[in-house]
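By written order: A, B and C. Residues from 1 in each chain.
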């Protein structure tokens, strides 16, 4: 299980960070980065492994966030239970959107459009509905106790999100080795051929959508606990739909570590730009847009993909000589 | 009991707004019909054009209807370059990559506008901007009446281009059968770029028509374009009559919905129409099979 | 008489104004090779699409193993044991040969290890044993055809629909694949093949159906069908049968 070992090493490295670094600024940066990595891993399950590109993952992030917040603020529900409920709610929204979209046979651009539309509808509804605080948003009461899923020390938040990301990495790894994952990848590569081989494409895509939504919803729930505030623009805004898709695309779609690598790169670029030119609105997303274009142009399989390609090329250069012509023609 | 005159006024205004929706949708449907991609950057391009129209008035003193003659070719060239040098080469022929590229462009352009010009809303004050024409049973704002006429002029011009010029014929050939067109010697990359340029030029004209009564800010185009997406999906991807008729229909629907239910819910209504059409009949009223 | 595994009864399929398949009936017995031939555009692939669940018929029934399976989706039919290859090969381009076949093997084997073992065995059987690790898109046309076969075979079918599996192969490649197909019957698999390569049809098929303009115009042994004047006319045009006969006389 070489891959699980790799995950363990990566997690261990990340876990060591708060022991060496005490700057709150850096810890905050890493917490946000890991949260985006989690949201991105959710997208990756549907988009990377499943090949269905959603432009509206905010629908799940926001649902997770709002459910967690509303349960605590309006109904006094325990934060941890709220967290679990948020994930379930996000998964349910995924089931509805996926069920409708895949039953209608929507693929590619049409699928992207419909997911975009659903996210926008949710955003508008949240911006006017009283239960979500309408234009003002929701504030979760400060209560720095573990029972309330709030912690005095930023480091503990860091470990919580790291644990969540670790789980998402393991999920991706298990997906790759499972029958469901193999079927999902087959559907991505060629849906008709997969169906001819007995794969129930609808069920597989729907399952991936639900899992994907759950993981991204978890990121939304975490957002609320960390920042204690949510409004329609944050919960269902295009920023998270974009960041959730950007990180795995840049890091490497359909890979275990792609979302994490992508999040690190993207967030670092954003922070770096801010350091150089100051915190002007629009700068970070501008860079993200440019990076997306550049990556698709020059490394469509993302950084991890490019790394794997380079490694394969090197391996072939040092491999055994080419087989005799007769064998190659037999084909 | 609502006076029928008010209702007529609401409907007429819907038609006038709808005409501009139709123009924006026209650009979108043209691009889809030929390149078979959904141009997610359309909204950002509209925002950029709105800023251009705004600055043309503010810095150069150009009346927007005059500026249209300057901005249309400028944005045509911009669109041509975008497709020829960025979108085309980056797509590697994969549908999904093109989605991402146009999304990337959208994000880049919108945020570049935000970075450069900040989020404040800019409007212009045309001397005759608030004048209305008295039609007897109702008053209609002058700029909006001009827009209505202009849109049909543009649609006619496009139709003439498609029917009579060599480029137009080449565009139609590529839209129908790309491989065949290529084999016949048509430079497909050039035609793609021409089409994208035309679509962008439509957006530029729409911006000039809008700026007297609308505003410029980095997100302005988005709001408009999501309605345009609905029009295109309803009218049928790639169908020009679909875009025109669909635009007018949606304009009226939006006007009526906004009148009865208020603006936000009106917007949700448009989106719901969008989703329902996508789920039940993705090829819309006049489009080819999805 | 051998029992029919598959029975297609008066199946029609309409596309708008075009009647692509017109009340076609055919049957395929277990462990035998049946051929479906006919000029281009006759509707053969459409008929296959109906049998394999990719299209619903406008009229008619499809019976498999005695049960009415008309209109069932492809994946359900695959689970029942109907497998097909595609006329235009559709490999999972980004995956290795082994992983391609694995998808098929997983239909009957949930565990990865078991499925991989089956995939490797099937890969070797069709002659791709030394290419299992190669990306599918690097295979030649002949290799991709073998891969199509391997994937379908890995689902452990009882009925195999082969759509022009010999198209694009040179004579020596055809000579290599024919025994592989014949071996399927030895394992009890029924085969229906759409084929234009007549030498293969003559040597492999025990029963032939001829489809022209959507209708079955003849059926019988290969020798019978080839001599049938309606068949000659369908391929060579009106009046051709008479010309052929008069040419033979001289």
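We take it that a contact is a pair of C-beta atoms (placed from the backbone, for glycine too) under 8 Å apart; a residue touches a chain by one contact, two chains touch by 3 or more.
As the structure is a computational prediction, the values presented were derived from the model and not from experiment.
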{"item": "Chain-level touch network, classified as line, ring, star, complete or other", "value": "line"}
{"item": "Of A-C and A-B, pair with higher C-beta contact tally", "value": "A-B"}
{"item": "Per-chain Cα centre nearest the global Cα centre, belonging to chain", "value": "A"}
{"item": "Chain B and chain C: spacing of chain centres that average the CA atoms, whole Å", "value": "49"}
{"item": "Intercentroid distance (Cα basis), chain B paired with chain A, Å", "value": "32"}
{"item": "Averaged-CA centre spacing for the pair chain C and chain A, given as whole angstrom", "value": "43"}
{"item": "Chain B residues counted as touching two or more neighbouring chains", "value": "none"}
{"item": "Complex contact set, residues of chain B against chain A", "value": "37-38, 40, 86, 89-92, 94-97, 99-101, 103-115, 118-119, 218, 226, 229, 233, 264-265, 267-268, 271-272, 274-275, 278-280, 282, 290"}
{"item": "Of all residues in chain C, those that touch chain A in their complex", "value": "52, 54, 73-76, 78-79, 83-84, 86, 90-95, 99, 102-104, 106-107, 110-112, 115, 127, 130, 139-143, 146, 151-152, 154-155, 173, 176"}
{"item": "Touch list for chain A against partner chain C, complex", "value": "177-179, 182-183, 185-186, 189-190, 192-201, 323, 327, 329-331"}
{"item": "Contacting residues of chain A [partner chain B, same complex]", "value": "51, 53, 55, 100-101, 103-104, 106, 108-110, 112-114, 117-118, 120-121, 124-125, 127-128, 242, 245, 249, 280-286, 288-293, 296-297, 300"}
